[in-house]
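Consider the two complexes below, in which chain A is the common component and chain B and chain C are the respective partners.
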Partner chain A sequence: MIKLSLSFLLTVIVVLLVVLFIFTIYLLFQRQREIRFAEMRDTFLQNYSQHWYNYLINDEIFSIVLVPRQRAQVAAVEIIFSSYLKNIMNDKVEHKIKEFSNLYLKQFYEKDLASKRWSIRMNALYRIADLQIEDLLDTCQQFEKTKISEEEYFQLLKIYSLFQPELFIGKIKESSVHYSESEYRRLFVLLEDDVFIRLFEDFDSWTKNIQFAVIDTAAVKRNMQYIDKLKQLLIHEIPEINIRALKGLYEIGVIDEIDPYVPFVTSDMWEVRLMVAKIFKHVPLNYTYAYLEQLLQDENWWVRSQAAKTIAENKEGIAKLQQFMESSNDQYAIEMAQETVVRKQGNK
Partner chain B sequence: MKVFLDYCMWFFGGIILFYMLFVIVSYCTMFVIAMLVMRKRYKLDPSEYDDAHIDAFYSKPVSLLVPAYNEEIGVVDTVYSLLNLRYPQTEIIIINDGSTDSTLQTVIEHFRMKPVDKIVRTNIPTKQVKQIYESEIYKNCILVDKENGGKADALNVGINVSQYPYFCSIDGDSILDEKSLLRVMKPIILSDGEVIAAGGNIRIANGAKMHLGSVTETHLPNNSLVIMQIIEYSRAFLMGRIALSKFNLVLIISGAFSVFSKEWAVEAGGYSTNIIGEDMELVVNIHRLVRKKKEKKRIEFVPDPVCWTEAPQTLGVLRNQRRRWHQGLFESLWKHKTMTLNPKYGLIGFLSLPYFWLVECLGPIVELGGYIYIVVAFFLGKIYYEVAIMLLLLFVIYGVIFSIASILFEAWILNTYPRKRDLLRMILLAFTEIFWYRPLTLFWRCEGMIRFVLRRSDWGNMKRVGIAEKEKSV
Partner chain C sequence: MNKLIIAEDLMQEHEVKGYFEILRESVIRSRLTMTAVFFKLANSSQGTDIERHHVNHQISAFLKSKIRKTDLLFQLADGVHWGIFFLQSSEVEVKAFLKRIFAILKQEREFRQIALKASITEIRNNSVNFETLLEKNKQKLANSEQPTWSIEQITDYSEQPTEQVKVSIIEQNAIFRKVLETTLNHLDIPHFTLDVATYEDGYSFLQSDSYKTGHMHLVVMNDILPRKNGLEILHILREMPNEKKFIIYMMSERNSEGATLNAYEGGVDEYIVKPFNLRLLEAKIKRTFARFWL
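What follows is the complex of A and B.
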């Protein structure tokens, strides 16, 4: 055991102080470098933003001065591209950015993928997907064979989903890595409809998170062809899938018949009853009022509240609620109806 | 008599030395873990995640609770910072806890609040709600006026009124960065609900430039007391929170900025009104509940979402704050003493609680004892000089070296104060910590322990000048 002595402690302190001193010098030097990098990046932005605008928007001829020669210039180009991609929906601009990135930025990201630093590799994978550098697909597949993290693998899946959906579906099937629902949604939302619909075909073979993400993505894509698929899931044996499918159908907002939903009014699960109360918002009140009145007297607060809101949404809803308040004996339901009526009238 | 004194000096000297070594080793371990965690993320572009999750499709709605008691100066800026948040679905619930100043009137006038009739579900019993208001300008902004019942009671009212599955508590004089909520929710979203609570990083706003509820520039303030607190916050962040979070051992996520799953918080009984450290109390209660239900859930500290808060600028206010914090810590630990070293609570019982008892709670007594020892040894003569100097050197490692290391590491990874001059000023001031700031805070923390024994308490509001006010003086 090390004997604790004054000289030992003093040595430890001196060594630590020297280490910290060196680190301070390094940090100051590093900061200087960062300032220089930022200056170069900003100069490029200042000098060439207009050129980029002319090339991307005004269809002017491409100039070789736009090609970045060093990292700071690449960072500037990334900023320019990112702002165009986020703010402008224009196929021509996207195509030009994609073309340019595949030609002139590819080598930078290829080099980054070989970096020892995880964060640099991750940034490169982000850019490959954002800027659609398809030419690096083979490099990515080679990269996959190295020892990579789950986060990197996720980015690779995103890249495959963009450039080779077939490969993506295969990878999802064989993957031993499991991601969260939100992450699967991020992957599925990028898929073309013809590829996405195939996820429904093998629905029961997917893990729970993929199943939930498929339903939620179908809802957000708001495509009529998914309505039948979601309706089929209403009779699925897992209640959570029924609830999600109901939620999906509510979000798509096209209810052509109420028969499939009526049995859920008396479901044992309040979440299911809540979703039905929501879905009935998309159906004329004269078809649903009897069921909504039943839900207004539900034992669960959320269901009662939603039923009241759904009724109140209709132009005859307030009158119906007032009528209900006069005839009902259910104090909780009356209070709920009353609050909804007051709020609705207050908003007017 | 001399023999007895000798015995005492050697005995206490030994205990203090052993304790200091134990603390230094604990902090070193946590520092290394924090370094490894943070180093991985160095230079990672966070905007990619932010941009991807700005859509409601990928996130979950959050109710933002702002308890306010006599916060007329800061509350408007806080609400603006919440309105500025980049997050797809939020509701802002300001809870006026029977303020005696013009907090209620300020909020009503500023956000054009009008009274509404609303039935509130009483998930957690609270003091009477007098009136609920809704903003005519911002539809997602609600004001609840209630009888005074303390911060915990105000937060419980907020939970009852909230409609979303997660709630975020924000102090009435804190400012959130626009992406803070998005980032603090990240572990919750990515874990599919396995993470049931998350806390962000608290930074000191004194000296920062602000515009409409956003921090636009950070400068180190001139007040040495505030700078010392900046150093202290960064040390606590690196030598504690990150490492504890990695192993699901977090017992404190700051009430100034934390997100909880409403379901779990309600089941854990909400915020306890009869205790000072209500934020720690809720976290410990949730840990208890998780163990009881044998579920795999986590509570995390997230380093990059930032909440700016105002630090005390005078010794008097700082003293109040510190003794209150320590009193709260002691009270919570005492209340849950049966969890300590209890195998039923796993690592929380075997690592986290003993750490909080030994290092955070009882530490001030031993450390203050160390200072007293050094002074006494000086009068007693040279045979104790060696132990006293040894202690002093350990204080140097503990107080100076760790502080400088935290400043540098923070500057490397997060770069809060980009100016070189600010960095050097912080380093120079860290050298003085053990001579004034540390003994003072130790003394105040000991006072907190005495107050716990005497059972004294208050709401704990500090006298504020308002973050935006300082903007004018910069």
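What follows is the complex of A and C.
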């Protein structure tokens, strides 16, 4: 049996109590600091939100009281700026925020980038991009040379894409880090149109994820100037790229000629045929009916269904479907046409 | 003394009086301007009784053939004045009408004996009664210096009443809520005063009961809100019996066709994608209210 002296036990208890006491004091102190921080931030918000409105929206003269002097005040200004940028679109407001941030917030974020804590560094990188603090580009490039995480590098790419697109394109070309499709999309969507369109050059040199992200981003941007670029990809050897290009063209919704799409009506892949049936929604029915009728008799249910829907969306579509039902021998196609007609008439 | 000549198939002054009050009140309720026109024969004392009788019938028949089905033509008790109430018409349209019929009367040979003058009163409020309206127009037309074929104007009733509009801003972000509140409080819309209230979530808006009053109500809200989101509020407001009084603007960060369609089909009047230009919001609201009066 282990024998412990009473004095030893008492000493242990006292030491533990002291540690506990110090820990409690530390917690109370931290809590107090947090409360003070929040109070200071809220006071700034309460006192100066209206001043900020007057300066940003009403073009009133800038007042030095708006300049934050402490961290809590910086946090308040961040809240104000993010509220404006998220909700209001106004070039003048954006310019004023950018100018102010480059002048008065730069030093705070510069210091944050040198922090040992990852979360503080990440937060600084987010703010540099959101508030467009271009003056910190050199600092960011220096920061890249230090040991940084993948997430930080991703944020840096975002910053480069905003401030120096050339550097950005160079970086993703040489980058050893590979991101997911959605991450690339998040980067590309920020690019100006003239920079983004350059991603179509050397298209084949990109990794698959970048290629897919480029096509999908073009669809999201819905810009007419990407139509030709997407049309060029219709003859690409990889079917997935064909399908995505078709989907992108469908999303943009402007079909100026049907010839490039006609060969896809007889494609081996049902997904391709489905996309063509969708695309023909954007073309007058008299140009596409013959192909849609063919797709209505497709072996795949999804293709048949989409072809019927596309026909029915036209003014004369229902009559065409009824005519088809009378003349066709394809029982599956007739059933699909019937179903679509009933649904369409039921909606009216 | 000239004999009083009354056209039998026209409505008479005493018959129209009762209608006038209903028409006048409906101007306010439906916010549709009404314009009254009175004509007087400029040469009423000339010619024999038979000639005057003929002219009188000619004018009555002519005016009757020219008015629309929604216009009310009548003859005044003195036999030398005619009146027309043009419903849902402003003075601009009525002036154009008068110019057109005056040109016909001057041009056609069969109407050469006719010479008219007219006075116009645009009615956009309910502070006028039938007798005063008649009196004022008769006085205008009694002026012997008023040239034939001229058009006088009475502007005493053309000012529309100022209407109070409730405005509810439902937005979670406190800074942006304040921005919207300040912007809408500064918005100057002629003939409407905005009574702006703000709410941070859907539930507090519904608890406020402010939407239950009969006032016209502009609701500017986010689609995503804590405690009852925007789409639920939209549904509740559009299910109310007097849902037409709500003008609903929905703000959203979602710029997809599906979300937009869904909102319009649910009954929003405007769907605004964030971030948006505040001046654009102001312009949209101004246009919305400008449509309310003819």
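FYI, the second predicted complex is superposed on the first by the 313 of 348 C-alpha atoms of A that agree within 3 Å, B and C clash if a C-alpha of one lies under 4 Å from a C-alpha of the other, contacts with A are read in each partner's own complex, and residues count from 1 in each chain.
In this section, a contact is a pair of C-beta atoms (placed from the backbone, for glycine too) under 8 Å apart; a residue touches a chain by one contact, two chains touch by 3 or more.
Small disclaimer: the values here were computed from a predicted structure and weren't measured.
In the superposition on chain A, A:49 makes contact with chain C only, while chain B stays out of contact range. Look at A:61: by the touch rule set out above, it reaches neither chain B nor chain C.
More residues of chain A are in touch with B than with the other of chain B and chain C.
In the overlay built on the shared chain, the residue A:224 is in contact with neither chain B nor chain C.
Once chain A of one complex is fitted onto chain A of the other, the partner contacts of A:122 are limited to chain B, with no touch recorded for chain C. In the superposed pair of complexes, A:27 makes contact with chain B only, with no contact to chain C.
Of the two partner chains placed around the shared chain by superposition, neither chain B nor chain C is touched by A:254. Judged by the touch definition given at the top, the superposed model places A:86 against both chain B and chain C.
Residues 86 of chain A are contacted both by chain B in one complex and by chain C in the other. Residues of chain C that touch chain A in their complex: 173-176, 178-179, 182-183, 251, 253, 274-279. In the complex of the two chains, the chain A residues touching chain B come out as 4, 6, 9-10, 12-13, 16-17, 20, 23-24, 27-28, 30-31, 86, 117-120, 122-123, 126, 130, 180-183, 185-186, 189, 209, 216, 220, 301, 335-336, 339, 342-343, 346.
Chain B contributes residues 17, 21, 40-45, 48, 51-53, 57-59, 116-119, 121, 189-192, 386, 389-390, 393-394, 396-397, 401, 404-405, 408, 411-412, 418, 420, 423, 427 to its touches with chain A in the complex. Of all residues in chain A, those touching chain C in their complex are 45, 49-50, 53, 57, 79-80, 83-90.
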